[in-house]
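A short write-up of the structure that comes next.
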Amino acid sequence: MDFAPTEDQQTIRNAVAELAGKFDDEYWLEKDEKHEFPWELYDAFAKGGWLGITTPEAYGGHGMGITEASILLEEVSASGAGMNGASSMHMSIFGMHPVIVHGSEELKQRTLPRIVNGELHVCFGVTEPEAGLDTTRITTFARRDGDDYVVNGRKVWISKAQEAEKILLLTRTTKFEDAEKKTDGLTLFLTDLDRSKVDIRPIRKMGRNAVSSNELFIDDLRISAEDRVGEEGKGFFYLLDGLNPERMLIAAEALGLGRAALRRAVRYGNEREVFGRPIGKNQGLQFPLAESLARLDAAELMLRKATWLYDNGKPCGREANTAKYLCADAGFEAADRAVQTHGGMGYSEEYHVSRYFREARLLRIAPISQEMVLNYLGSHVLGLPRSY
Amino acid sequence: MDFAPTEDQQTIRNAVAELAGKFDDEYWLEKDEKHEFPWELYDAFAKGGWLGITTPEAYGGHGMGITEASILLEEVSASGAGMNGASSMHMSIFGMHPVIVHGSEELKQRTLPRIVNGELHVCFGVTEPEAGLDTTRITTFARRDGDDYVVNGRKVWISKAQEAEKILLLTRTTKFEDAEKKTDGLTLFLTDLDRSKVDIRPIRKMGRNAVSSNELFIDDLRISAEDRVGEEGKGFFYLLDGLNPERMLIAAEALGLGRAALRRAVRYGNEREVFGRPIGKNQGLQFPLAESLARLDAAELMLRKATWLYDNGKPCGREANTAKYLCADAGFEAADRAVQTHGGMGYSEEYHVSRYFREARLLRIAPISQEMVLNYLGSHVLGLPRSY
Amino acid sequence: MRWELSDEQELLCSTFRSWLERAMPAAELRALFDAGDPTAFENALVGEGWTSVGFPEDWGGQGGGLVELALLAEQLGRHGAPSAAWLSSAIAAPALAGSRDVVSRVLEGSEAACLVVPGDHVIDGGSGGVRADGTALSGAVTSVVSADRARHLVVPAVGAKGLRLFHVDVHADGVQVRRRTLLDRTRGVADVTFVGAAASELNCDAGEALRDAALRAAVLVAADTLGGIDRMLELAVEYSKQRKQFGVSIGSFQAVKHAASSMLVQAEAARSIVYYAAASVDQGHEDRVLHAATAKAQVTPAGVEAADTALTMHGAIGYTWEHDLHLFYKRAKLNEHLFGGSAEWNERIASALPLLAAG
Amino acid sequence: MRWELSDEQELLCSTFRSWLERAMPAAELRALFDAGDPTAFENALVGEGWTSVGFPEDWGGQGGGLVELALLAEQLGRHGAPSAAWLSSAIAAPALAGSRDVVSRVLEGSEAACLVVPGDHVIDGGSGGVRADGTALSGAVTSVVSADRARHLVVPAVGAKGLRLFHVDVHADGVQVRRRTLLDRTRGVADVTFVGAAASELNCDAGEALRDAALRAAVLVAADTLGGIDRMLELAVEYSKQRKQFGVSIGSFQAVKHAASSMLVQAEAARSIVYYAAASVDQGHEDRVLHAATAKAQVTPAGVEAADTALTMHGAIGYTWEHDLHLFYKRAKLNEHLFGGSAEWNERIASALPLLAAG
């Protein structure tokens, strides 16, 4: 075993922390409050070439692994940018993976370099209100019409749809009931999000308000076959390989958020004096923070193991899911304790921990709830019978 | 022992539930989102005579006890109004207690009937940024000037100051360092909140946004001696008796909030179907909700015991503090689980549980943090040495 | 409303408590724990008439009801006394009420009764698996609380008329009782086998009697845990005041103080639930199932948590065989599962939510 | 980076594991638990050369370091083996490295070593209270892990030159060892008293050696717990697949499944922390204190939680003396406090936060 990070990884961590550190807490308070996309951060990362960290060099990227991508997003989040910062670029970092692996050369040439340079914003159009977590149950349908497809349906929780030029859209081209296997008959597109055919409605939500979450009502959206990713009917399989990386990246973001919250809590504990004595001297305040540090560190180890396994082509479902569970839990707990450490001021937005707390709550639900992680582990690792 | 509620108490519970039930979840969603005071609810309760539930009959009230007051606020909160609803009238319900017990007849005649009929809004001006939980450390100073006092200082977390006509203001008339005992030299006023002398700035906060929380900068506020409550220098003692009721009422509100969240969670569990089966059939969803029900019921018993003790003139510090701890914990947990039960939709504001969750978080901090409750119990009940 | 014990109830508590302290000092208790024979204690309990408290006078009892039994259970738990036979009798006696002779011997004499059901599940007639061929019983039931201490067995068995309750003398032919050793040595369980054992049918509604027994069991076990929490809190607070580190008592460390205060919160919460549930079950309140389930599902896990906290406050000294804490710790652990763990009781609570049945 | 065991390490694990299963089948383990004499097992461990794994060859070891020791500890914990003597030697041996003769007898022969410090606190020379008058030691130390199984005592004592480590032969005059019984009978502690006992001063930096021993102890106890979690998970999953309710295996109930999966999460988390901390301490990483503290403070409470979950999944069967689960349960409980509970280790973690010292 050798747990030391490579020199590159250490460099990435430091450089990202420095760049993200230029956007201070007030910046994020304002963006979140005004529901404004963090263009300045996004542009700075685009300019620095960071959006292409996992994109192959042939398309202008760096061709690095999930380990490096997770370090990047962790540090963005840990800078205090939290989920507002991470979500602004999350999709650019690894979301194009199915396109990279299965898309046509023409499609890749047309899109990837623009994603790397930050010009092209893409949103991820998979989840639907009635499908729950079973992606095969989506009903958005793409009907073939000559060289085109015509799409109708509804999507929900589509991050960044407000800002996105294109959407990576999963559809059915064979209905669920007509498909031989339920995983067949799904088709993936990377296409323009034509506002005249797609009604985009923001969802009012508890936090992460700098990046919108949206409901999409798709009405006769016409898509050229050139925008299809890979073969018709194989879309589900193209997305499969991305599930574990997605969980690892979210885990990294949760971890960063927890560290940001902990840093704030420690700072407040040292600065806030009651009767001439910093409150950080109280055991009742110190020990929970110490425990949170230990839990974050422990969760990080699981994440590092998972990304290492993935980058080395080894199975990592167990580790990726466990990492998501541990990081989301430890991140939320750190945020919760940071609020508690601040006493009444923790409830005000001005100390920022309430923002972290609201964001951290999301990570126990998305992209997969903690309970679904347990279901996965029970069925796939422990071999317990399937249950609902 | 006899645990049965009286007929009056049952009647109050039903009537309050009915009246509060006229204001639906959408009403609260909008009030919270727009940061608007819930005038309609407040007026309805004023019109119904509820604001005077504990005020003596001589001043237009009903002269009932904390048990009845706690049932009222619990049911307001449980209706889905949550802390937005409860806080809108909380101060009218029991906040005038020091005035009732210690105020001059003239002051009472001048103010109490107007509080009962809802015309007069009062805010509670005690907490200060540098005093922490030790009220004796406040520094807002009232200097005697002929028949008047002139006040300067700063207050924080003053609920409803935006809407209030008057403030129940705690000041020092002898400086901390000059007072013989630290609890001496504090003076209480019930006086106009003169906007030309008091700058009121809302605090941006995580939740309970229909009722403002404010910082007050008091600059040469002139107060007539007629507005003084009781004797000069005795203000601290006048507030003391209100501490336990305050904790009980907050406990009742937390309890109601937990019940509102649980009701929503159960409804969603029954209505939301995945693959033709309500998700409420899942053990993984049911058991946590069942446990939350048990915890809320258990916490309620402690609250009922505490209010009964108070109303019967018995010591209740142990029970009041324990009730606050248990209700705040159980209420928060219920809200947290309600969010989790809703999956992704729990994060959206449209299912209301995220609002409850944000509000429930406040109750683990205010009016006294859970940790301070433990400190109190450790020192005052278990007799452990004082620590910080 | 009246949220206090009556003077009579207060007196019952304090009298019983001081009797326990006299009758069974800590050293004797520990010796008994090692030897495992509770006969002397059981005889003393009977001799002083404690076994008839909490039952109607016309059964041979001294009056009172489930609240009084809960008060006794609390003190027994507080003392760590070997109370399995008492507990079994307290649960089983109402089913024997129709047989005045038997029930009075249970309450007044030294012949304990016992409901022959598995001790690790919520009491429920279906789980036993004893068949009745006329009045001859056959079948086996495992882990029956205190079956090895009882004379009178109350046995749910299914015969031609469906589920009925039967009375069996443990000395009858065809009855075999095999004791099992538990971690908690203050109470015991045994496996009971019937091979055509002679029984007499009890004149009561079996379903109702068993449902009632389940709730009584829940309340009394919760009360036992309440007593345990109280005692462990006392031990932990005492220790934290005595024990010094860096020249000050460890009780002044905030972490230690918060730990002790959390135990106090658990004790207080447990107290209000237990008495309330006892009164509710006793008075046949319409929500009594919810109340008893809440008591069992909330209090007994809190007991385990409190035990963990107490152990942590004591450090390794708590783990040594000579310190009393481990007695209470093991007792709390057993109570968590005795007559149904939280999961089983939470299922019953879930049915109070208007949620669909779990699948 | 490489987040996997080497082939050699994998082989070490599997070989040791199958040896344990052969050398000490469950029945023998249980018998030993009742009798309390681990001599046969300890001899077998020595005989097969396992006691010299994880130590440099020039000490008489077979090579490897703390990672290898952690792998052994994990398997010993997994098996519930009476490993106190092994553990004590693994912690104490580095301090004896300067005395080649002694250290080689510890590693190759059947003479265990033991650091004479209280077993319930983080290892720290100040807590012992033994004084050195020249090379004659006097004083007492309570609850010393495995002192009753050791030949070579490594004793921190304060003399004219300050804190030093001394070697004492347990057979020397003026040494008295009194064993105490613990709930966990697979490991033992004893009180050690010195009355002018003859000692020889060890040639090492006492402070550094004790700090290192504290971290080794943290890692090895955490590894022991990791093995226990793994085993309890295995027992619980197996049971939940076999045991039926309402005609289906209880493993298909979501509540049971979530309980088992939570144990898996704990096991996985524990595994990554333990190996990492072992490597960090072995390599002298600058943050090794934080890593070892994290392992101890996170893994050992997780072990107790896992044990609770496993007991809950088993119901009352887990409480009976004949079922193995209680062995692992008690072991997990002891590990939680062995060589310092979470509170003590969290204090060390707090010092990694830039917070002011607690008051």
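Labels for the chains are A, B, C and D, by order of writing; each one numbers its residues from 1.
The criterion applied here is as follows: a residue touches a chain if its C-beta (ideal position, glycine included) is under 8 Å from a C-beta of that chain, and two chains touch if they have at least 3 such contacts.
As the structure is a computational prediction, the values presented were derived from the model and not from experiment.
Put simply, the chain farthest from chain A by mean CA position is C.
Of the two chain pairs examined here, B-C and A-C, it is B-C that is joined by more C-beta pairs in contact.
The geometric centre of chain A is 40 Å away from that of chain D, both derived from CA atoms.
Rounded to a whole number, the gap between the C-alpha centres of chain B and chain D is 51 angstrom. Residue positions 277, 281-284, 287, 371, 374-375, 387-388 of chain B are each in touch with at least two other chains. Shared contact sites, meaning residues of chain C that touch two or more other chains, fall at 253-255, 257-258, 342-343, 358-359.
Interface residues of chain D facing chain B in the complex, by the touch rule stated above, are 253-255, 257-258, 359. By the touch criterion given at the top, residues 33, 127, 132, 134, 137, 156-157, 203-207, 213, 274-275, 277, 281-285, 339-340, 343-344, 346-350, 354, 357-358, 361-362, 364-366, 369-371, 374-375, 387-388 of chain B touch chain A in their complex.
Every residue of chain A that touches chain D in the complex is listed here, in rising order: 1-6, 9, 67, 262, 266, 269-270, 277-278, 280-283, 286-287, 289-291, 293-295, 297-299, 301-302, 304-305, 308-309, 318-319, 322, 325-326, 371, 373-375, 377-379, 381-388. Residues of chain C that touch chain D in their complex: 118-121, 143, 180-184, 189, 253-255, 304, 308, 311-312, 315-317, 319-322, 326, 333-334, 336-338, 341-343, 358.
By the touch criterion stated above, chain A contacts chain C in their complex at residues 282-284, 287, 388.
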